[in-house]
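Below, each structure is written out as structure tokens.
Both of the next two complexes hold chain A, though its partner changes from chain B to chain C.
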Partner chain A sequence: MSIVVKNLTHVYMPGTPFESVALKDVNWEIADGEFWGLIGHTGSGKSTLIQHLNGLLKPTSGEIIVNGVNLHSKGVNIKSIRQKVGLVFQYPEHQLFEETVEKDVAFGPRNMNLPEDQVEKRVREALELVGLNYEEVKDKSPFELSGGQMRRVAIAGVLAMNPEVLILDEPTAGLDPRGRDEILDEIVTLRKRRRITVILVSHSMEDIAKLVDKIAVMHRGKMIKSGTPREIFGDYKGLTAMGLGIPQITELMLRLREKGKNVAGDILTVEEARDEILKAIRRKGSA
Partner chain B sequence: MTAEIIARGVHYQYSQGTDLALKNINLKINKGEFVAIIGPNGSGKSTLAKLFNGIFIPTKGEIYVDGLNTANKEDIWKVRQKAGMVFQNPDNQIVATVVEEDVAFGPENLGIPPAEIRRRVKESLEAVELSEFAHKAPHMLSGGQKQRVAIAGILAMRPQCIILDEPTAMLDPVGRKEVIDTIKKLNREEAKTIVLITHFMDEAVQADRVIAMEKGQIVLEGTPSQVFSKVDRLKSIGLDVPQVTELAHQLKNAGIGIRPDVLTLEEMVDCLCQLL
Partner chain C sequence: MREITIGQYIPGNSIIHRLDPRTKIIITLVYMILLFVLDNFKGYLFPVGFILLASVLSGISLRYMIKGLRPLIFIIALTFILNIFMIKGRILYEIGPFDITYEGLYQGSFMAIRLVLLIVGTSLLTLTTSPIALTDGIERLLSPAKRIGVPAHELAMMMTIALRFIPTLLEETDKIMKAQMARGADFESGNMIRRAKNLVPLLVPLFISAFRRADDLAMAMEARCYRGGENRTRMKELRMSKIDFVTYIVFIIIVLGGIASRFIW
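And then the complex of A and B:
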């Protein structure tokens, strides 16, 4: 599923003393099956932007085109778009409300009036995708689970709608390192299995660098840059000026280059850095 | 060095029949020390923090804060005044509609005279560098600023020790840095004892001492370089190391002669410059 954002501007509370421009002329093209990272500091407009992608917010001006259909043209069924563009908010576990895990995850599909056997199939699949065993958790109260498990149940609730685009706003915030890695691994598996489009909003440049194909950078309501991780993280100075960082490992290699060392600067992971440094040491040894 | 907090043979059980949340914790935190506690979810970090200021009382064993036993009911308010606590979610800790009133809330409850309260509020806001926000509404502040208001509220109680339970978990990188810089400044300039519970290893490496917990027990303890050089052990309990530490570990495994206890970017740049 593709999404095109055209000249999107959003003003909160227009015409009041509290008026504030949250998005200014944003243009963004997301092709089917792409994995995007969306970065920017707090208040840069990331959350406002993603809430437009499934029609939760209406543009003040501009267009959102999902699979060729303008979300806000007449006769468009916005509800069906919301089922296809799944949005996982920050701390989604705060939205759990049902008595059992099964009921919570099934809430969406039941509202779609799917037959019960279909509902069960979707709930099973969704829980399995987030690494939970259906039989083990289905009758438990979501509130007796650990924080990491609650987060997974909440994500499963969105997956049970079989979205074609999945948007996750800081899905690993507040989790411990293992919980973080597990959730991210599940997103990668999910993408492979269902071939869906994923947009990951994150403050962790390390996670973004490891996972995504492309990065969009928001700053003061504008999308000021987009490109591959190597392109985006190559501009260390520009990102720091916006209060953003780059992965520590990328910064390390750039610093070594500044000191005149002959190593690649566009390194994104520890493994790449290790190989690059081993090569450089060998070069020096044979020189 | 004199001890700020002592834990002696501490066990804690939430309710009968459940697993022990803490098993035989023995620990001494010195006055003026900056200690980071790391560990996966459910390892007992937060439980331990809540024992340090008497929110929980040990099922077995004792906790002493500046010589006072936390199990002693008469001393509980003294204990809490000596060891102030800051929690994860800034929005849950702010009670007033104006920043300076929020900071004054603690001392007001201690029955401190108004002139003294005013002095303390002023000093506390200066210490967290938020003086210009004294008359603002807390909900208009950023996450990092709100968390600093929460810290100022604790400072106004004049504690010797500040316990922070994942204070940066909900903040963006800028907010995280503000809070960590504030904590370090309070430790350095005002000699406050700091106990920082965190999932961010780049924060833990800045402490004087790191304590790693797993399943209710202390499993590693030492300076940041001692603890973080045990990369495989940390990973086995579900923790992380900074990327540069991981790189040093992998290079060492590949036969390169490099220190295994590299913690910061600057150290790693120096190490690699010697090799390349």
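And then the complex of A and C:
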């Protein structure tokens, strides 16, 4: 599923003294099956931008085109768009409300008026995708689970609608390192299994560098850059000027380079760095 | 959801903003009484003049204040229409069983203007006074009543906290609503019962979050040894200044002018 954002501008509370321009002339093209990372400083407009992609916010001006259909032209069924473009909000566990996990995850599919046997199948699949055992948790109250488990149930609630695009707004915020890695692993597995398009909003440059194919950078309501992780993280000065960073390992390798070591400057993961350093040592040994 | 302007505060540094909150509260109260004491259009020249003067000095555009009237337009219109039809007198026009009378028209427009002035006047108070200053002022004005057992400080503290959390809860409502809409929830269509039922996915998380916030706040206050009003000092003492003095004089002249107009015209 492809999404095109054209000249999108969004103004909150226009015409009042509290007016604030959250997005300015944003252009973005997301092709089918891509894995995007969306980064930017606090308040740069990331959450505002992604809420436009499934029609939760209306553009002040500009267009959102999903699979060739303009979201705000007449006769578009916005509910079916919301089913296809699944959005997991920041701290999604705050939206849980049902008595049992099973019922909560089934909320989305039931709103789609699916037959009951389909609903159950979807719930089972979704819970298993986020690494929870269906039989074990289905009759529990969502409120007796741990924070990390609640988050998974909430994510399952969106997955159960079988979205073709999955957007996650800081899905790992406030989790311990293990919980974080598990959720990220599940996203990767999910993408492989279902071949869906994924957009990940994150403040962790490490996670972004490790996972995504492409990165879009927001700064003060503008999308100032997009490209592959190597292109984006190659611009260390530009990113730090915006209050963003680069992955620690990339920074380490850049510093080694500055000290005159013969290593590449566009390393993104620890594994790559290990290989690069070993290579450099061998080169030196043979020279 | 966030378009509600009544009760909103617009930060600023105008003369009106800088007035002591007690001055503004007292003047607003007397102003409200004045609106009910005056009973003809000519007398209203005084409060109208006062409001115009105050809003020019406050730097808040009249357009913004009139926008704040929008949610109440229905009540104002209803007052106007009821008065037109209910009052007997010289008939101007007949619609079926109803008569529009000269007196009705007069009374109807008078009442509508009274309501508008009432709303604009009180919103001028909240627009130019931060919630904290407002409750501070109320607490100080109520403090003589402490002797007869009125818990002035506690009342003011409750008001401050309530006011502080209104925007937070609105924001929270907005967020949860969107999250449920992303899962296909529908808050807009269906009959009354259906709609009430559809609110469950919104209300449950909202209550949970409100209780969680209340708990956090209580804990934070306790951690800083909050123990009510006894012997508490404040960072900013309220103090009347020259501007307050001048304001009282101007306002007294306006009130006297208004009352005199009852006898002269």
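Convention: the second predicted complex is superposed on the first by the 287 of 287 C-alpha atoms of A that agree within 3 Å, B and C clash if a C-alpha of one lies under 4 Å from a C-alpha of the other, contacts with A are read in each partner's own complex, and residues count from 1 in each chain.
Please note the rule applied: a residue touches a chain if its C-beta (ideal position, glycine included) is under 8 Å from a C-beta of that chain, and two chains touch if they have at least 3 such contacts.
What you see is a predicted model, and the numbers here were worked out from it, not measured in a lab.
Student: After superposing on the shared chain, does chain C or chain B touch more chain A residues?
Tutor: Partner with more touched residues of chain A: B.
Student: Does chain B (first) or chain C (second) touch A:K192, or do both, or does neither?
Tutor: It touches nothing on chain B or chain C.
Student: Just to be sure I read the superposition right, which of the two partners does A:A280 touch: chain B = first, chain C = second, or both, or neither?
Tutor: first
Student: Between chain B and chain C, whom does A:F107 touch in the aligned arrangement: first, second, both, or neither?
Tutor: In the superposed model, A:F107 contacts chain C only, not chain B.
Student: Now for A:G157: first (chain B), second (chain C), both, or neither, which partner does it touch?
Tutor: Only chain C is touched by A:G157; chain B is not.
Student: In the overlaid three-chain picture, which partner chain does A:K74 touch, first (chain B) or second (chain C), both, or neither?
Tutor: neither
Student: Pick one for A:G86: touches chain B only (first), chain C only (second), both, or neither.
Tutor: A:G86 sits against chain C, while chain B stays out of touch.
Student: Quick one: in the complex, what on chain C touches chain A?
Tutor: It comes out as residues 2-3, 5, 10, 64, 67, 175-176, 178-186, 200-201, 204-205, 208-209.
Student: Applying the document's contact rule, which stretches of chain B touch chain A when the two form their complex?
Tutor: Per the stated touch rule, the residues are 39-42, 88, 142-143, 166, 169-170, 172-175, 199, 201-202, 238-240, 242-244, 246-247, 250-251, 254, 256, 265, 268-269, 272-273, 275-276.
Student: Can you list the residues on chain A that touch chain C in the complex?
Tutor: Checking each residue of chain A against chain C gives 12-13, 15-17, 51, 54, 56, 79, 82-83, 86-87, 89, 92, 94-97, 107-108, 111-112, 143, 157-158, 161.
Student: Taking the touch rule as given, give the residues of chain A at its contact with chain B in the complex, in rising order.
Tutor: Those in contact with chain B are residues 41-43, 146-148, 173-179, 203, 206, 243-245, 247-249, 251-252, 255-256, 259, 261-263, 270-271, 273-274, 277-278, 280-281, 284.
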